[in-house]
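Everything below concerns the one structure shown next.
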Amino acid sequence: MVSHPENHEHIDDQMFKMEVNLDDIPGEWLGYVMDLLFEAGANDVFYTPIYMKKNRPGVLLQLLCSQKSINKIKQILFKETTTLGVRYYHLTVHRLERKFRKVSTEWGPVTVKEGMLDGQVVQCAPEFEECKSIARLHDIPVKKVYEMVWKALGREE
Amino acid sequence: MVSHPENHEHIDDQMFKMEVNLDDIPGEWLGYVMDLLFEAGANDVFYTPIYMKKNRPGVLLQLLCSQKSINKIKQILFKETTTLGVRYYHLTVHRLERKFRKVSTEWGPVTVKEGMLDGQVVQCAPEFEECKSIARLHDIPVKKVYEMVWKALGREE
Amino acid sequence: MVSHPENHEHIDDQMFKMEVNLDDIPGEWLGYVMDLLFEAGANDVFYTPIYMKKNRPGVLLQLLCSQKSINKIKQILFKETTTLGVRYYHLTVHRLERKFRKVSTEWGPVTVKEGMLDGQVVQCAPEFEECKSIARLHDIPVKKVYEMVWKALGREE
Amino acid sequence: MVSHPENHEHIDDQMFKMEVNLDDIPGEWLGYVMDLLFEAGANDVFYTPIYMKKNRPGVLLQLLCSQKSINKIKQILFKETTTLGVRYYHLTVHRLERKFRKVSTEWGPVTVKEGMLDGQVVQCAPEFEECKSIARLHDIPVKKVYEMVWKALGREE
Amino acid sequence: MVSHPENHEHIDDQMFKMEVNLDDIPGEWLGYVMDLLFEAGANDVFYTPIYMKKNRPGVLLQLLCSQKSINKIKQILFKETTTLGVRYYHLTVHRLERKFRKVSTEWGPVTVKEGMLDGQVVQCAPEFEECKSIARLHDIPVKKVYEMVWKALGREE
Amino acid sequence: MVSHPENHEHIDDQMFKMEVNLDDIPGEWLGYVMDLLFEAGANDVFYTPIYMKKNRPGVLLQLLCSQKSINKIKQILFKETTTLGVRYYHLTVHRLERKFRKVSTEWGPVTVKEGMLDGQVVQCAPEFEECKSIARLHDIPVKKVYEMVWKALGREE
């Protein structure tokens, strides 16, 4: 089991949340904007349905980013969405230490990600994308792959 | 208290629900589309936020209409939204008898709408638009107007 | 492992969905209405946020029920909510066979529910309420109880 | 009418909002997590549906808590949900003075909660849980209980 | 401009809507399930946030499919989600005739899709995926590509 | 093309977001509350559906306002909604420079609003309310008016 230095538990008090209200952009553009924002270094990007003035169903775009990414992210928001204003505020993030281990299953090894709080494992989950690849390759439900990983963890103990 | 004939309790098994999924229209157009649909005779029009393919936040437009309005409503949906298809199905509506009475308050009379099930009052509510007008006129919270109507109903009994 | 006769896989084409749009009822009442509807025999009750006319955030109440429950359910909807109309339509439900087995964990036995399609297990899940009770009793995360059940299933095989 | 000292109108500038994005946890666990968070002293806990990357319907968990509860709340979030990070920021809360009075109805006394702004009553509402208990006990709609309380308030004046 | 025979305006009264309520599945699985359902021939797949019993945020999965796809789709729903039941009902779809034309822009030709109602163009929109590819290739906002297409259409007339 | 001084690009670090959770107010009141808040100077007001305790569908009211409007806005929230508490926090808004130009169409001139980032046009959109008026007057889809404006912009270049 290997722990990468950047994965140690820490409190980061230099993060920002940015927000934009949108009522004049088609939804199909927003799927693409999300990709661009992740590529530009946003840590999280998510949409919430909102009710805006004049009976308009709108979308609240929210994202998290570090201070050094603010300008790059703003450029994308102004150029790729239809907004005339972007708002943001400072927040603190407490992140767990992350460790990765391999579990053997009949379809090969699967990575399990663990989250550590004060040195104790509090999170433990198979990596979704690996499970999905196995499911695709062997034409089985992804649900089955998860079951197999959990059962393999049981036999290892 | 007067009961209009068209307001008798009845079961209408000739209604339709129409639905459209939209991911390529700005929200500000949809506020206007709702107005047009009500004007064309839709009984109810409402939007639900939905998650569509390719990470697109979309809107599910739903409406109720009678069979005779279907064609008129379809024209609006095809001309005013961006959809290439409209779906619909038949449903049954059970509607209560509606009666209207006046209640005296210090700001004048307010209409109270009652809903009757098997001849029994099961709904009773001040008409919102009248309460709002009084609130606007006297510069008081609409909440206060409702309270006054309820208290007046208590004193009348 | 015991299979109750009423739990056999079957297609039920005598179910109904009922729906009500609500924009004039406080949310706190709706939490209680859901309880009443389940008690009256509704198979499923759920709320969806909707955008209604005049900029009103509303709620779409939906439920599934058998034909014989329709009248009882309507009574509740008319008496406990503020609606003046209820709509409904017929639908078909395909239900899996359900089986129940016990799995031994260090905290005692836990029931696992299985769903069978054409005689094959396609669903397999610990009963949530039992896991929650164990979590409460032993002051451990419910997540841990699930993990233990899955691992126990792995060792049994 | 009694006013508890802790219920005086005040501005509390020592509150925090905590947030977690969740796309890898079943909804049934989240119902339980809400209970645990309230028990641990969170002032408000609520969920918002969000659209996350890779077409995933997710949930934004938000809660309000005082500075002294932050650590306890974090423990619950990390142990009971599947998150690897928790974010939070400082905010200010303006709370009204709260007073409680009893109103007599034909089904016994009901508490009415009042909110005071600058010494003036701006909120006035029957306590929902008491109305619900009366509704259950007498097998009447909770709507009727509210109506009775309002009418009783009208007769008292 | 070419019209494919399968693209003629028509009313299809052999479609079905299928629905599943889900409160015990992680959101990350649902992103993948959507892909599988489209691959299996579903015409539309979308998620709606719903409020289920016991304070659980859930997801309503809805899809449209033809009668001949029902069994294949059911297999996926039962095997890939956690549901024990699937419901469905019949509906009618009115689809517009679809035509495709090419518009020349400074970045090359872009397909514009038109929707025809009674032989009249009522829909006209650039194909999103093509605009996105151009945006990616030339490192410009997709918004700019749409503007260019519309302006080119103006110069053509 | 005229640029109003108040429309220059700027960063405003004196804005506030206010929030209220509501589970005991009818939706029809909230449509009206939104109007009052805009009239009182709120820059943005929007509603989000939330899941609150005890299975209650609720509404999160959010708004943006300047420091000088805080007290006026609070008065409205306390008097017109049912809340006993209002929360708020400081945030920063980056606003683009706004310019307005007229475009000639066969139905008369339409204003196009442009947003400028570092002196470059990044936003360009017809004013919705003007397009809507033209659509109403000439009985044509608002979609057609937008198309005409874009095509006119193409011919002007």
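As written, the chains take the letters A, B, C, D, E and F, and residue 1 is the first residue of each chain.
Heads up, the rule we're going with is that a contact is a pair of C-beta atoms (placed from the backbone, for glycine too) under 8 Å apart; a residue touches a chain by one contact, two chains touch by 3 or more.
Predicted, not measured: the structure shown is a model, and the values here were computed from it.
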Touching both chain B and chain E (chains): A, C, D, F
Angle of rotation relating chain A to chain D [CA atoms, steps of 5 degrees]: 120
Most remote chain, CA-based centroid, reference being chain A: B
Copies chain D and chain F touch via same or different residues, half shared test: different
Over-half contact-pair match to C-E, picked out of the listed pairs B-E, A-B or A-E: B-E
Geometric centre distance via CA averages, chain C-chain B, whole Å: 29
Distance from the mean Cα position of chain D to that of chain C, given in whole angstrom: 25
Junction residues of chain A - those touching two or more other chains: 24, 28, 34, 47-49, 51-55, 57-58, 79, 82, 89, 122, 128, 141
Category of the chain touch graph - line, ring, star, complete, other: complete
Complex contact set, residues of chain E against chain B: 15, 17, 34, 38, 44-49, 64, 89-96, 98, 115, 117, 122-123, 125, 128
Residue ranges of chain D in contact with chain E within the complex: 22-28, 30-31, 34-35, 47, 49, 52, 54-59, 82
Chain B - residues contacting chain F, complex: 28-29, 32, 79-80, 82, 128, 132, 135, 141-143
Contact footprint of chain E on chain B as seen in their complex: 21, 24, 48-53, 58, 60, 74-75, 78-79, 82-89
Chain E residues touching chain F - in the complex, by the definition given at the top: 49, 51, 53-55, 57, 122, 124, 141, 147, 150-155, 157
